[in-house]
Structure formats: structure tokens, C-alpha cells
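Labels run A, B, C and D following the written order; every chain starts at residue 1.
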Amino acid sequence: MAIAVSQAGPVAAPKRHSQFYLGWKRFSKNYFAVAGLVWVAIFFIVGIIGPWIAPYSYKDADFLAMHTGPSWKHLFGTDTVGYDVFSQILFSIRYALEIALGATCVSFVIGVILGLWAGLAGGIADVIIMRGVDFMFALPSFFFALILVVLLGKGLGPMMLAIGVPGWAGYARLIRSLVLSMRNGEMVEAARALGASQSHIAFKYMFPNVVGSMVVSLAFGIPYDLTAQAGLSIVGMGLNPPMPSFGNMLAAAGENILGFPWLLYFPAGIFAITLLSFLFVADGLQEAFSPKGGM
Amino acid sequence: MPSSPLLQVEEVSKRFRVQGRDLHAVEKVSFQLDAGKTMGLVGESGSGKSTLGRLVLRLLDANEGRILFDGKDITSLSPKQMRPLRRDMQIIFQDPQASMSPRMTIGAAIEDAMAIHNIGTKAERQKRVDELLERVGLPTVVKYAFPHELSGGQLQRVGIARALSLNPKLVICDEPISALDVSIQVQVIQLLQELQKDFNLTYIFISHNLAVVEYLSDQVAVLYLGEVVEQGPAEELFANPTHPYTQVLLQSILKMPDDTEKRQALTSIQGEIPSPFNPPSGCTFHPRCPFATDVCREKKPERKVVGNQHSVTCHLAN
Amino acid sequence: MFFLRFLAKRIVAIIITLAAVIAISYIMMYASPGGFMSTTQIATALAPLAAQDPVAYQKVMEQFQQRYGLNLPLWHQVLLYIWHSFTFNFGNSMENPSITIMSQLKSALPISVILAFASVVVSVVVGIPMGIIAALKRNTWIDYTVTTLSMFGQAIPSFVLAVIFVLIFGVVWQNVLPVTGWGTFSEAILPVISLAAGNIGVVARYMRGSLIETMRQDFIRTAKSKGVKYWPLVFKHGVKNSLTALITVIGPQFAFTVVGTVWVENIFAIPGLGKVINTAFTNFDFPLAITAVFILGATIMVTNLVVDLIYAWVDPRVKLQ
Amino acid sequence: MAEALLAIDDLRVQFDRGEDEVFAVNGVSFSIAEGEALGIVGESGSGKSVTLMSALGLIRENGKIKSGTAKFQGHDLLKMRPRQLEDIRGRDIGVVFQDPMTSLNPVMRIGDQIMESMLTHQYAGRREAFERTLQLLHEMGIPEPKARFRNYPHEFSGGMRQRIMIAIALACEPQLLIADEPTTALDVTVQMQILALLQEQRQKKRMSIAIITHDFGVATNFCDRIIVLYAGQIMEMADTRQFLRQPAHPYTVGLKNSIIEIGQRDRQLSPIPGMAPTLTEPPKSCSFASRCPFATERCRSELPALREISPNHHVACHRAEEVLAHAI
């Protein structure tokens, strides 16, 4: 009797569903995350074109219209010196993004380099780098940022460094643990058995499998750095006035709140929604792409 | 003069340093394996059988001893020098899912093995992937699938195809069937058998399943706590199991009886495998051995030849 | 003894880390443009003198440098500073040379400690039940409400919340709750809530996730197979196992809370350590700034040690090392 | 045959996987008699665990019981309120799970885990429960019960943990013990010890045992009766003797032939082709037909019923008689 079955049994027609595709499908079902992504996208666009659409420069105070409420002339009102709040917010978004992205990049680059070094080299390098990580975790990185602001000053670049440099430890620890778990895993062992070189293993096997976790950690890092930047302003160590920033606006609003609540509505609202959106996106990415979120 | 064996393992030992303590994973193991033959390594968990397999492939470095492949000492070759040799020695893992990148399609995974060694053009490699998949009994469309879309049995076939893609001489099969269902196990065993015949492959077959090892192997080594307690030709060893541990293992297998009257009594030796951190003195098996004497407790037994190439590491053997 | 050796090792590690914190902060501040002499108030006060009588100015400067040990080699200054810190001999602040740093700390530190601990306690007391309820009512509106609220809490920094509270209770509902000062219970409510909101979010979300994960474990099925009733199952097996995981996030969370106190104290005008840090950094009052960082670091590290001890006590699998 | 202790009738269980549904158990009926040792054998995904676990309310949330009854001493477990079922679990029915590593609560002393069952069911007071726990540990072959009482699971070896699992299951002297792959995670020498322990306890306590296993060696040496499951259906159900002498379902025959045993070096392998299906719709024809060497048009279009081809020998195959004739 003929057996019309292949040895391995029927295989469903492959659907070519890569992990990325499946993750994206899960992400797009998370409405909060999608909404967050839309806001983040708007935030980025405004950050890029903000200076061109701003009706006023952040430096031009309208002394004839100090602390006026929202009107057609000044959409979000003016502050105590006569700056247009709407324009200030547009510029704030730009600076906030510049600093947060710059700082996150700085942390990330240092963290990835040191994390890879610790994980791949092992031995004494690993011990030293991990001691450094322990050291950074002993104090909140915000305090290191404070001290760095003293050293570097309050410009855009210095802010990026002050917030970015102390943030490396988290990334380094993550990368190292990913590298270690994979280095001792069967996938890398199999690749070694095939005769793959170190760089081939790193780029073709390890990298595609860590990129998801790295993106997720970056997504969590950006809102953290946005918060840190505003937090520095709260204690008077933020971006140098008159450069506008959410932190400065919030700090100022806190002091002048009694008569002019609009100074708070818009900056606080936009800032809060932005942070929330970033968190929704980060959380959505984590749930959609982390290994646990799989099944 | 007979040609030299494909693989010679001489007095190989491996220790792991775990939290400041030495774990003796493999202790002074020696064996030889001719081309086209199968060596079976059996033992319970913690016996060091998988470690031994990795030592042979130089995926781990031995602390002592020598490994000769095709007459060439590979013990101290650098990773770079090892790389071209990897074409000749491959491994099949117990958990094929864990051994594959979840982000690579099946086709890419098999092709990558060839790409690493610059074998053929892209098109030639693609063609070879199709051939290999067909050879291991899979439809060629699976090359577009990702590992998570296949069943355990199918993935193991992919693992075999990947190992075969380099035309190896030696293949280490590390518990290749123990994660599979019974009906799939036989399929894979049959496939391994056919491939061995077709490509004159040499196998090291690692398993805790004595019956399968007996079925597939020409030579067998029984490991306990990293040491070979008995080794020899499969037929001879299973006909004359001499070491008490081998005997116990054989008695512990529940065979399907012919009838209910012929059922096995459920008796077994007491105790469990001791911690490899703290192996017992003398013969490591003495705390569980029904025949242990004082000398077993104190002195490490020597290897004794008890038959044609059949050796036993036991004081009581003669 | 094993436990004592562990403790000794950790304490030594804390001391070394703190010494390093002091050294690095000191060197960085030393290296900052203008160094210690850019100190705003003193520099302004002495500017006329420098112009009128350079000799007298030089003398004052020397006195000043001697007083703060600035004439010594850098390594000596650093060591001296470390030694002084560990002997709690912090010296005087630069901004207000007449008062000792110790006296400032004496009034400020307890306030911040109470604020931080109160908010951690509140977040645990509120967050854990929220997390448990969300986990047990998974995928119901209760769960969605809790998770969404937690996300809000987690995303919105304490200072934004604090400013919003100031607006609400300072402008809209005046005289319901005080928005400045410290001392009475009602004055503590808003700062503690501002600080706790984020932690509640983290604790609740973590508790939820961890409990859901735990309730899927095999040993829960074993407990069910024993006939263990629902609530004992949830609490004795589920929650207890989830808590071990939760403890690991409370340590880092405490560090964030400490940062939060710095912000919140500024907004609610609370005379705590945060306010001290604020004035110290804005006025470039280095001795004060370094001391404050030292005290905060010590608090955080000791808290982390305590958390680790609790962790080892709760989870028998954890080995202290 | 003695009276049925547990009688499962036409049980159907489905799992919701989001995009589709898996038909895990499709109309399974059998019973366990008092004092009987029943072996439920099948490969992964055959529904062997799900069948009994769903009767006890121990399947995952996405599993739904669609129909059927599971009468334990005449009372339908599937219709009970959770509280009633809780009273039966652990007291009348004990369960031993496969992986002793994950099946014990890691942060609870093992003594307390054993006592918990007795205290929950008010089987014994605190003092007696403690004494009985020591007694149980001793019976299970755990040395120094008093000292070990206070240990945590991670301080035991796999075999010892499985002994603790058994002690938990036996604490309230249940009438039925369900052992779900109790030895799969263990080494062979330890597997033997655990089976011997179960055998001894069964004889001493005169309880029924249902062993769920994929291992014919375990089932045939241990059990009085054997059920073979495939794709959530019973393929064959027979006394062990009949099962050994006259397997009548092609799947059973194929599976038995798939087992390589000691001393079979020269044997020719004849694997069952293909692999077991995961049913995403209810079976309308024989689920095994696509892998069966005897399959006919009828097998591919008509669902074979489970029928009694000789006393106490049930087979779900259109061609069982022919298989039997061929096999003999």
C-alpha cells in the first residue's frame, strides 16, 4: 500500500512571519502604544520644523503684553516678561529633543562599548567595568548630572554630556548580560561549531537577537532623559535662560502660579503627554518584542 | 599497516571552576574511533557525556590530554586554525530550537554554514539547501519558515541538514532524539542511519537511552561522574556488562514485557548520583554499588581489559 | 560567621564607593571653570576689595584658601575631604561661612528622610494591593484602569505633579490643603503624593506582572491540586513569591525617590536636603554640595543593603555573597 | 471489575489560541475502577494530561470544557462549584506532576507544603499533621525527616523532590492518585526508585492510580489497563495483557514498533511516517488515517467509533479485526 505522506509529515505553507512582523502586529494592536507613537511622531516633527512655524523668536519679549492670557495674537498667552508661551514651547520641544536624543546617544554609545567589552573580553576588564557600573548605581545618575553641569556649564552640548555620560551604566549592564547569556547559549555554540568567526557570530547571530532589547531600552531612555533635563531646571541647573525649556517654564510657572495659570496648563500638559506617550511606546515595544511577550 | 583511526582521544580531562570549586566534568577519558563507525556515550545526567562531545569538537578546551583528528593533533590549535577543520566535524544538538537563531529563516541558517566556509556561489548554495532539505525528508518550502514555525521533529531534521551541509566526516549527535516523541525518534534514528551509510559518516552518539545507543553504536563507553567505567564494542559490552553500574543501568530500563506474567520487578539501587563537586573517594560508584568492599572505598580502580577491546574500571572485575 | 562576613564586605564596599563619590565630585568641581573662586557671592563681595586694595585682597584670599584647605596639593585636599566626611566633620559652608554644614543638615536631613520614606511606604501600601487586584481581575476594566493609572503615575515626573498640585490647591481650591511649608500632617500630604505617584505606578505594574507570572507557575497548580482555597492560594503561594521579585525593584526605586525629594522640596518650599542641594549647587557652594551628595549616597547605599538583606531573608534561594 | 471510582464520559476540551482553537480532547470516555492502576499513554499533544487535569479543574484559563461528565464516586466534577472541587482535590484525589523542580513552591519549607494539604482539608490538627508529615517523609525514603522538614525545595535533588511531591499527594490518603509523567524528568535509576515507591504505596493504601506517560515500558510494567490516546481521542483501551498480546489499532502497533529495546541491534526500523496533527477543527474522520498504512477511503471520510472488539478491549479503528488478524 502506498503511503502518500512525506517522512516529516505535512508542513503548513510557511507564512514568512518574521519575529519582526509578528512583533509589529502585536504592537499595532496596543492602542495606547499606537496613540503614543502618533504623539511622539508629532513631537518629533514639531521639534524639527518648530523654529520655522514659531510666530515669535524665543528671545523677543513683547514688553507691551506681559502675562496676557491666551489670545489669537499669543495662542498660549505670554509670560511674566512678555515671551510668547506658544513659541517658547515650540523651541522647548526642539531643545528638549536635541538634549534628550543627544544624551541618550551618549549614554548608549558608552554603554554599548563598555558592555560589549565587559561581556566579550571577560576577565579583568569585565571586573573593572562592572565595578564602575556598581559605582554608578550607588547614586542616582541625576546627582552625577548635577555635578557635571557645574563642570561643563549650561549650554546645549554640555547638557547632553551632563545627562548622557552618567547614564551609561544601565546600557552597559544590559548589553553585558545579553552578550553573556548568548555567548554561553547553544545558538552561539552552534555557530562556533559551524566555524563562524567572532565577527560573523557577533553580526549575524548576536546582533539581530539583541537589537530588539536595545531598541526597547533606548525607548525607555529617552523619556528618562527628558525628565532629567527638566529636573535639572527645577533645581536651577537647567538650560541657561533665555533658552526655553520645559523645566524652566515649569519652574517659573511654579513661582508665578497665582495669577497666571496658563503659564502652567500648556507646558505641563504637553510635557506630561509627551512623557506618557514615550512610555506607552516603550512599553508597547517591550511587550511586543521581548522574548516573554512572544507566546 | 591499518590506517589510523579518524578520531583518537587520549586521557582527556576537563575541570570547570564554579564558584571557587573544581567540578570534574570529564576525567581521563580515552577512546579511538574509526571512520564510518559510531561511538555511543551513555550515562545519566551529570556524567559528563555532553562535555566530552564538546571537548572533541574543541568547543571547550581540555585541561589535559590530547585529541587527534585524522591523525592531526588538534588539542592546541587556535580558534582560527580550528575554523577550516570545522567543515569536517559537526554537531547536532538536543534542542534544535535553541541552537538556531530565531531571526534567521531555515534556508538562511543552512546556507550560512556554507557561506562561512565560502562554499559555492549564492545560487549554488541555494540549490544545495533544497537538496539537503529533501534529503532529510522536508519539503523545500520550509526554507522560508522561521524556527518557531516548525515542530521539534522537523527542526531536528533541519539541524541535521545544517550539519550535513559541510560534508563533515565526524558528527557529534548530542542527545538528538531525547526531546522528541517516540514515533518521531525512530524516524530520526532511521534518517541518521541512512545518512551514515550514504556519506560514510562517523558518529559520536550521546544519549541516556541505552537501547538506542546499543542499536546504533559500534563502540560504547559508559560514563559515571565524568569517568568511563566501562567501554568496548557494543555487542560485547551489552552481552557481558561487567561493571556493576552498567549492570544497574541495564536493569533499570523498563522493557515492554511479552505478557503480564513476565513483568519486571520494580527494584533499583538506592541513592542518587553524588555531587560532582564532591565525588566519593576511591571508586566514585562505591556508595551505590551493591558489591563495594573496603578497597573500593579507598583506592581508585584501574582500567582492566576483560575481553576483546572491552575494558572495565572496577576492582572486582577480572 | 557567614552573615557577619557578608555584612562587613558590603560595608567596606559602601565606604570605598562613598570615598570615590567624594573624590570624583571634588575633583570635578575643582576642575570646573573658575574653580572654587567663581563662587558667586564671595566673588562679588570681594570684587571691590580686589580693585581698591590688592594686598588686602590677597590676604583675604589666602585666609579663605587656608580655611577650606585650597592651598594644599589636590590629592591632599581630596584625602582630607574624604576623612572629614567620614568623621562627619563637614566644616562650614562657603555661602554662609558663619554656620556649620552640620547644623544645616541637622534640620534638613530628617525632613527629607521622612518625606522619602513616607512616600515609599505609601507607594508600597497602595501599589501592592492595586497590583494584586489588577492581576486577579486581569483583562477587565479594573485591570485596564489600574494599569493606565500606573502608567500615568510612572510617566509623569514628581515635579510636574507637584506644580499641578500647586496650581490646583494654590489657585483653584485654595485653603483645602497647604501648598508650602513643612511641619504639619496636612503640609506633608501633597509632597508625599507627588513623590509616591510614580512609585505607586511602578510597584503596581510590577506587582501585577509578577503575580500574573507567578500564578502561571507549576507550583501554583500543585497547590491547587492540594485543594488550597482561592485566597490562601493567592496570598500564601502567589503574592509571597511575587514579593521576592518586587523587592528587587524597591531598592532602585528608593534612589529615584531621593532625586524626587530634591525637586519636590523646591516646589513646595520644604526646608529639606533637596532645598539645601538646590542652594548649594546654584550658589556653587561646594562643601555643602559635596556633603549633601555624600549623605544622600550613604542613605541610598545603606537602604540598598537593607533591601538585599530582606531579599535574602524572604527568598531562601538567594545566597548572600 | 470493581465499581468505577472516576468515570469520564464524552469529555471535550478546547483551547483558545487567539487566532484559532485547538481541539485537545475530543469525546473521551473511560473509567478508573477502585484499586486499579490505569495507564494513559500518548505522545505530546495527544491530550493525555488535559483529559484528567480538566476533570480536576487544573487546566489553563484558555482551556474550555465543551461537554462531558467526570463522575467521581457518582458526583460530576465538571458541574461542581469551585469550593466543592477544592474539597475533593488533595483529599480524595492526589496529583503528582512531571517536573519536581518547578512543581514545588520555592519559598516554602517542604514540611509546610506537605502539611498544608492536611490542614486545608482538616484531615489532621497541627500536631498530628506535623507527626504525619515526618512519618510520610520517612515512608518516602527521605533520611532524617525531622531535619529535612525545614529545608526548601532547592536543597533537594530531583529524585528527592519527586518523593516530596508524592508525599504531598498522599498526605490525605486519597482514593485516587494521578501521576502525570512522574518519572520523565528523572534519570533511569531514579525512575525505578520512584516507580517502586508508587507501587509500594499503592499496595499499602489500596488506592487507584492513573499514570499519564509516554513510555510504554512504564505503563506496561506498572498498570492493569492501558488507554492509548491520539489527537485527543482514545484509539485503544485494553487490559495490559491484551494490549501486550493483541494490539488492534494500527497506531498502537506502530508505536510499539517504534520503541527500540535492549538486544535489538539487528532489527529493521519501521517508523510511523508523518507527525501527529494539532486539530484546529473537530475530527470528522480518523485522525490517524494520514499516517496509517492500512487507511482506506472510509478511514479518510468516516470517524471510527470506539468499539469493543472483545471483552474489555476497545478500539477506534474501522479495520481493527483485520489488523488483529494480520498481527497474530
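Keep this in mind: contacts are C-beta pairs under 8 Å (C-beta built on N, C-alpha and C of every residue); 3 or more make two chains touch, one makes a residue touch a chain.
Keep in mind that this is a model prediction, so the values were computed, not measured.
Chain-level centrality, scored on Cα centres against the all-protein Cα centre, points to A. When every chain is reduced to the mean of its CA atoms, the largest separation from subunit A belongs to D. The mean-CA centres of subunit A and subunit C are about 23 angstrom from one another, to the nearest whole unit. Separating the centre of subunit A from that of subunit D, both taken as means of CA atoms, is a distance of 51 Å. A straight line joining the Cα centres of subunit B and subunit D is 32 Å long. Annotation: 55 Å between the Cα-based centres of subunit B and subunit C.
Counting only residues that touch two or more partner chains, subunit A has 6-9. Residue positions 273, 275 of subunit D each touch two or more of the other chains. Counting partners per residue, subunit B has 151, 153-154, 187 as the residues that reach two or more other chains. Listing the residues of subunit B that touch subunit D in their complex gives 44-45, 151, 153-154, 181-187, 189-190, 193, 208-212, 214-215, 234-235, 238, 248-260, 263-264, 266-270, 272-273. Here subunit D touches subunit B in the complex through residues 43-44, 157-160, 187-193, 195-196, 199, 214-218, 220-222, 240-241, 244-245, 254-265, 267, 269-273, 275-276, going by the rule given at the top. Taken in their complex, subunit C has these residues touching subunit D: 216-219, 221-230, 232, 236-237, 240-241, 244, 314-317. Those residues of subunit B that touch subunit A in the shared complex are 54, 57, 59, 79-80, 82-87, 89-91, 93, 95, 98-104, 112-113, 116-117, 136-139, 141-142, 144-146, 148-151, 153-154, 157, 162, 166, 187, 191.
Those residues of subunit D lying in contact with subunit C across their complex are 56-58, 60, 82-83, 86-91, 94-95, 97, 99, 102-108, 116-117, 120-121, 152, 154, 165, 168-169, 171.
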